[in-house]
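In the two complexes that follow, subunit A is the common piece, with subunit B as its partner first and subunit C second.
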Partner chain A sequence: MDETQVKIKEFLSRFLKSHDLQLDEDIFALGFVSSLLAMQLVAFVEKEFGIQVEDADLDLDNFRSIRAISDLVARKSAPATA
Partner chain B sequence: MEIRKVGVVGAGVMGVGLGQSLAQTGHEAVLVDVSDAVLQRAREEIRQGLRFRGLFQKGERREDSETVLGRITFTTDLAALADVDFLIENVPEKWEIKRDLYPRLDAVCPERAVFAVNTSCISITRVAGLTGRPDRVLGMHFMNPVPLKPMVEAIRAFHTSDETLETARQLLRQMGKDCIVVGDLPGFVSNRILMLTVNEAVFVLQDGVATAEQVDQLFKTCFGHKMGPLETADLIGLDTILYSIEVLYDSYNDSKFRPSPLLKKMVDAGLLGRKSGKGFYDYGIGR
Partner chain C sequence: MKLELTVVQRAARDEFRDFVSAEILPHADRWDREAAISRKVIDALRARDYLGSNVVGKYGGVGRDMITYGLLTEEIARGCSSVRSLLTVHDMVAHAIQRWGSPEQRQNYLPALARGKVLAALALSEPNAGSDAAGVETTAADSNEGWVLNGHKKWTTFGQIAGLFLVLAQFEGQPTAFLVERESPGLTVRPLTGVWGTRASQLAELTFEGCCIPHGNLIGRIGFGLSHVIAAALEHGRYSVAWGAVGIGQACLDACRRYTAERRQFGVPLSDHQLIRRLLADMIVNVRAARLLCLRAGWLRDQRDPVAFMETMAAKYFASTMAVRAANDAVQIHGANGMSDEYPVGRYLRDAKVTEIIEGSTQIQQIALPMFDFEEF
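Up next is the complex of A and B:
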């Protein structure tokens, strides 16, 4: 895991009782993500990585796993090309 | 007849979930509460719920959140229910509140409107007796969070007609849900069994037979449950569990529903589960 992924894992692990979360593990399938935690997660990602998550980004595919979230962070952090 | 406009009375957790669920499936909803502050919070929670729904509901056509929110009227005026096709009531689980409310709903709502009592414990037959339309009253025990739970425990009270059950099924179909119809005795099916299970799990803990982790692990790995009974209790709130088991105890006058002394002690100590940060498990500070 890279630095971003480690930070995401650390955040999520605070809500998991003794479970070693893997890079591609579906966090929603684990059943611990409440609507409240989803909001906390988005707020964390915005603050920690200095990105703006738009309503259109709030999709399962962007938040499903540590890798998905880090991919979103990378996309949103890249300088705009168009 | 298509059900277009649905009244929702009580804008707490269930009212918020119902408002969102109805609006995002294209219904007009009238959300009524006695408090403007509660309605304000409900609007904000529904807005957040709509914004984040893409994280929980895959593949659904997603309309703009503000458009969906626009289908909900937030009001403290019961008169706004004068043209609803269907009404779902979720005020607190206190008999006195329901006793005062139902005659007023009966007076203001159209003759044809079906009343659904969204409760986990109060007798539907008793509530129906407060109205002049007992054949058009049924119980609908929605599960939390409402937008994500596809199944509802529906309760046929003593006078509930077949037409009323069909109308309720139709509304649920329109909302992308279904129901299981059961009879009207305290706790119905889900709470009667769940509360007894949770309470016995606390006795097991109290008696030193197993740890909370062991109890929950057994249910998950041996029975394939998604959550164990003690995790579930932490999620629901230990105060709610205690209140529910006490209601069952009083209703059946049966000692099998006596609450575990450990459960009472934990509630007295403020260990209420996730909402207080600690219950059978430690959730850190706050939620």
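Up next is the complex of A and C:
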């Protein structure tokens, strides 16, 4: 895992104390994602990585796994192209 | 850690306090009896930028920070919880639009909400859906003309006078949020009477019968209406209600200070009786503790810290239960006078109870709070 992915894992692991979350593991399938965690997850990626999650980014596939979230962060962090 | 108000925040609190003492406190009992606040006070809130005050400058708002906003909410609630509830629901909708609205929705609605030109309300609860918000039965269907809503909303605070509703409905079984303007065809608004807490908050029932709204009025994405759009509104509402409960606690304390100094029994003021002092001591400490929780939640919200969610929930839980205890004790201290509408403490007790029910009941907080990982700070 790269640095971004490690940070995401650390955050999610706070809610999954006894589970070693893997890079591509489906966090929704694990059944611990409440609406409050969903909001905290958005707040976490925004604060930690300095991005703004917009309504257009609200897609479960963007938040399904550590890799999916890190991909979203990478896309949102990339400089806009002309 | 240094948790104290800035000079600007203290000045703002003084301004709010003066406004409430002059424009709200003298009228609150009458509004409670008449089950409506005055148009004049709404105009005064507008004139002072007290409505939609978290909307950022880009959309015409004053962009109050969360601490200052909390101080405003506390002071308004010290005067009248019904007026506080107008701020709460209006700002919940503004917050949700600012957070999850499309650029067009932000541009269309936020300037009017920031000026209070349009009042907003949250249409979430239904006859069969309260705490179980995912169980709403209102439906939305897609048609060529737009979204078509059918269903029934209940307990919509300030629904009687709101011009814009944030509505949760099911679209093909997925909770989805919509912005519905009052004049939308197929929407009927009826006053809901007979409530005994925040009696002047002008509740309404909404009926959607083939109510057609433009496709552009979907807010957030399909299926994210509850988990993100309404959740953002409720989180903001929870923060507002927490501060509102602190305001009720402070109002109880103010009323009891006055009463126990003036009222004499057994030849001495009530304040000389040790058991009365015990009640006052609990009230003083609990109000202060609730305010500190609110300040911490506000500070975290300003930092956009994800921990703010649980701290806001903790603040709301503590402050609302504290307000009920404080108001209950305030009535006890006032004795028979506390049961009379000649004194405001009965209103405080009725209004305090509401704070334990709205934006996540006490029991919902009790279920949710242990799920969080509270870190030391």
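Quick note on the criterion: the second predicted complex is superposed on the first by the 82 of 82 C-alpha atoms of A that agree within 3 Å, B and C clash if a C-alpha of one lies under 4 Å from a C-alpha of the other, contacts with A are read in each partner's own complex, and residues count from 1 in each chain.
Operating definition for what follows: a contact is a pair of C-beta atoms (placed from the backbone, for glycine too) under 8 Å apart; a residue touches a chain by one contact, two chains touch by 3 or more.
Computed from a predicted structure; not experimentally measured.
Overlay on subunit A: subunit B and subunit C clash in the combined arrangement. When the two structures are aligned on the shared chain, A:55 is found in touch with subunit B and with subunit C. With both structures placed on the common chain, the touch criterion links A:1 to neither subunit B nor subunit C. Of the two partner chains placed around the shared chain by superposition, subunit B and subunit C are both touched by A:38. In the superposed model, C is the one of subunit B and subunit C that contacts more residues of subunit A. When both complexes are overlaid on chain A, the residue A:28 reaches subunit B alone and has no touch with subunit C. Contacts of A:16 after superposition: neither subunit B nor subunit C is touched.
Touch criterion met: A:46 reaches subunit C, while subunit B stays clear of it.
In the superposition on chain A, contact is made by A:63 with subunit B only, not with subunit C.
Contacts of A:74 after superposition on the shared chain: neither subunit B nor subunit C is touched.
Among the options 92-100, 218-226 or 272-280, the segment of subunit B that ends up inside subunit C in the superposed model is 272-280.
For the contact definition in use here, the residues of subunit A common to its subunit B contact set and its subunit C contact set are 14, 17, 35-36, 38-39, 42, 55, 58-60. Here subunit B touches subunit A in the complex through residues 48-49, 51-52, 54-56, 58, 65, 145, 213, 226-227, 281, 284, 287, going by the rule given at the top.
Interface residues of subunit A, counted against subunit C in their complex, comprise 11, 14-15, 17, 34-36, 38-44, 46-47, 55-56, 58-60.
Interface residues of subunit A facing subunit B in the complex, by the touch rule stated above, are 14, 17, 28, 31, 33, 35-36, 38-39, 42, 55, 58-60, 63. Across the complex, subunit A is touched by residues 100-102, 219-221, 223-224, 226-228, 231-232, 235, 303-306, 308-310, 313, 368, 371, 373 of subunit C.
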